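Following this line, the structures themselves.
Here subunit A shows up in two complexes: once beside subunit B, once beside subunit C.
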Partner chain A sequence: MPFREVMEAKYRDILTKYIKEQSESTLYIGQKFSRKSIENQVTPEEIISLHKMILQEIYPDMPEYVVHSFDILLEIMLGYGFAYREHQSLRNQQKELRSEIEIAANVQQTLLETKIPSVEGLDIGAISVPARLMNGDYYNFVEDENDCISIAIADVIGKGIPAALCMSMIKYAMDSIPANRNEPSMLLENLNRVVEQNVDPSMFITMFYGMYDYARHVFSYASAGHEPGFYYDGKKREFSEIYAKGLMLGIDKKTKYRQYEKNIHPGDMIILLSDGVTECRTDEGFVEKETLLNYIRKYIHCSAQEIVNNIFKDLEKLQDFQLRDDFTLIIIKRRV
Partner chain B sequence: MENQSCVNIQTEWDIVAARQLGRNVAKELGFGIVDQARITTAISELARNIFIYANKGRVRIEKIYDKGHAGLRIVAIDNGPGINDIRLAMEDGYSTSGGLGAGLPGVKRLMDEFDIVSSKGKGTEIVATKWIR
Partner chain C sequence: MNIKIEVMEHDNLLEVKLAGEIDAYTAPKLRETLFPLSEQEQVNMVVDLTDVGYMDSTGLGVFVGVFKSIRSKDGELKLIGLSKRLIRLFEITGLAEIMDINSQNEGEEE
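So, the complex of A and B:
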């Protein structure tokens, strides 16, 4: 039976019981009643009116001043009812918004989808996990006809929807830059102009762009203020920072980027990341660079994809499963 | 009693007069006490809006009948500055007076029907109706 139809009888029951004997168990039933009435969108003023009506029924000769006092209570609670209804409506709006964002996140994922190339002699792994629903990090692989794989990894300063929208634009800007201009430094210079012209001045993008020539095993790269990656020397078993200097995208349209080159030997690795990896924070502070490198060492025998997956799992746990920033990690291993 | 009556809103006391008029009509029509209180609150809000934003205007209370149903209609009219963005004014949480739950969306929820016409510099007319259930 609908709650509203039995509400009156139930309330009368609770009220008469409690007036007869003030027991905790009746108060508990009252609490359950209130939960039910909230569920059924009964407003506070309706309860007051119900209370007044039933009281008048049970005590027909109730003093007038008590009867009148309920008018004030009703008027006051109407204000609360007002606020309560607004709250309900805002809650529904929030739900709608959330499901809209979820759809947007799916659309984004489809837009930014990239396939990890499989190339003889290379083992590549990549992971990118947003801190909230939408990702402000971005990575992209392109395999061209000159035996080269280009790898882009980018991070919009900021997170959430604005960052994600901005990222979607970057991908299309990259796709539209002619293929003969995809030398890393040239590409960043072109992209920088696009960002400078089209993106809100308060928004900055860092990007690392590399090109791996898998015929010669030369890695050429340039960086626009992006978090430095690491190079692992397989022979010496040592890590070093992949240093590259350059201004973030979108600051100055005349920025020039320097291009660097590195020979990659069998057993070597290239590790690229976003600041969400190095800025993983625990109660004790940032995750030290050394900690990260230790994790890589720990999983070095695994495949590139396993390494990035495992590191993400470990760092996620280290932070109590709360990502503070979007997290992207790429590993390129030259097979022995 | 006539089928419509009107209160000019110029001072805060006129808000009380509008409330009183609305409550009397609601009672006469046979609204329950909760609905009486809701109608009164809606009138109160509309009259307050006139008082605060337009300085003066009027609130008309009408008894209406449709297919055997009786209802009460509030018409609030002013020649004030008008509402710039009605959609925004109808959004929850927008109300410039900062009151929680108050404002036009609150009035809309209290009543069964709600209509607003406003043009910048000319004024605002709000019509809100509640039917006896």
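So, the complex of A and C:
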């Protein structure tokens, strides 16, 4: 039976019971009633009218002043009723917006989708998790005809929807830069011009761009202000920062980028990340570089995809499952 | 999480003192305060970050925007009182090379 039809009887029951004996259990039933009436959009003033009516029924000779006092209470609760209805309609609007954003996030995911290339001799893993609905981090793999894999990892300064929209534009700019210009430093220089001219002046992008030549096992790279990644020397079992200096994209259109090269030996690893990884905050402060490297050591025997998944799970737990920033981690392992 | 912004103006110099955290929630307030100031001709602005405990890349975006705006009007922007962590943020992004950061403290600290 619909709640509104039984509401009166129920309320009468609760009220008479409580007047007779003031028990905790009746109060509890009252709480449940309140939740039900909110669910069914019963306004505060309706409840007061009901209360007044039932009281008059039970106590026909209730003093006049008590009856009048309800009129004043009713008048005052009207305002609360309005606020409540406004809250309801805002909640509905919020639901609509949320579902629209969810659709947009799906569209974005489709637009930015990239496939991890499978190449003999290499083991690649990648994870990217947005802090909110839409991701301002981005990574992309492209395999070309010259035995090269290019890897881009980028972070838009800013979060949420504006950052995500901006990312979609970057992907298309990257796709439209001719393939023969895909040398990391050249690509960043071209992309920088595009961002400088076309993106909102208060929006900036950091990007690391690398090219892995899997015929020669040489990794060339350049960075536009991106969080430095790490190189793992499999022989020495040591990590070192992948040093690459450069100004972030979108600030100065004349910026030049330096390109670096590294030989990758069997058992070596390249670790690329976004600042969401190093900016993980816990109650005790930031996650230090050493902590992160220890996590990598802990899982080093796993496959690249397992390593990134496990590290994400551990760091997420460390932060009480509250990501503050988009989180992206890529690992490229040269098989032994 | 909040931010306190204090602006003092004397002898052609705009002194901005910040205290608190700069992140996605407080950055809009900072932007709203600093941008109108940055759009005047030849502004000389000094921002003191000594009491800023945390700043993420959103905050960085605000300062870069302000920096570009001030430079386009032939003004100057100086950031002082940056913590080690903040200096690293400016160094990684390459901004330390084009912006004036902690220059007055160099002599004292080294």
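Everything that follows uses one rule, which is that the second predicted complex is superposed on the first by the 266 of 336 C-alpha atoms of A that agree within 3 Å, B and C clash if a C-alpha of one lies under 4 Å from a C-alpha of the other, contacts with A are read in each partner's own complex, and residues count from 1 in each chain.
We adopt the following convention: a contact is a pair of C-beta atoms (placed from the backbone, for glycine too) under 8 Å apart; a residue touches a chain by one contact, two chains touch by 3 or more.
This structure is a prediction, so every number in the text was calculated from the model and none was measured.
Q: Examine A:H226 and indicate which partner it touches, taking first as subunit B and second as subunit C; both and neither are also allowed.
A: second
Q: Could you say whether A:I157 touches subunit B, subunit C, both of them, or neither, answering first, second, both or neither?
A: second
Q: Scan A:D326 for contacts with subunit B and subunit C and give back first, second, both or neither.
A: In the superposition, A:D326 touches no partner, neither subunit B nor subunit C.
Q: Looking only at contacts as defined up top, I'd like to know whether subunit B or subunit C touches more of subunit A.
A: Of subunit B and subunit C, the partner in contact with more residues of subunit A is C.
Q: What is the contact status of A:T206 with respect to subunit B (first) and subunit C (second): first, second, both, or neither?
A: So A:T206 only meets subunit C here.
Q: Which holds for A:I251: it touches subunit B only (first), subunit C only (second), both, or neither?
A: After superposition on chain A, A:I251 lies in contact with subunit C alone.
Q: Does the superposition put A:D268 against subunit B (first), subunit C (second), both, or neither?
A: neither
Q: In the superposed arrangement, does A:D137 touch subunit B (first), subunit C (second), both or neither?
A: In the superposition, A:D137 contacts neither subunit B nor subunit C.
Q: In the complex formed with subunit B, which residues of subunit A make contact?
A: Of all residues in subunit A, those touching subunit B are 45-46, 49, 52, 74-75, 78-79, 82-87, 89-90, 93.
Q: Give the list of subunit A residues in touch with subunit C in this complex.
A: 155, 157-160, 201-204, 206, 224-228, 245-248, 251-252, 275, 279, 281, 286, 324-325
Q: So in the complex, which bits of subunit C are touching subunit A?
A: 23-24, 31, 54, 56-58, 60-62, 64-65, 68, 85, 92-95, 97-98
Q: Touching residues of subunit B toward subunit A in the complex: what are they?
A: Subunit B residues touching subunit A: 32-34, 37-38, 41, 92-93, 100-102, 105-106, 109-110.
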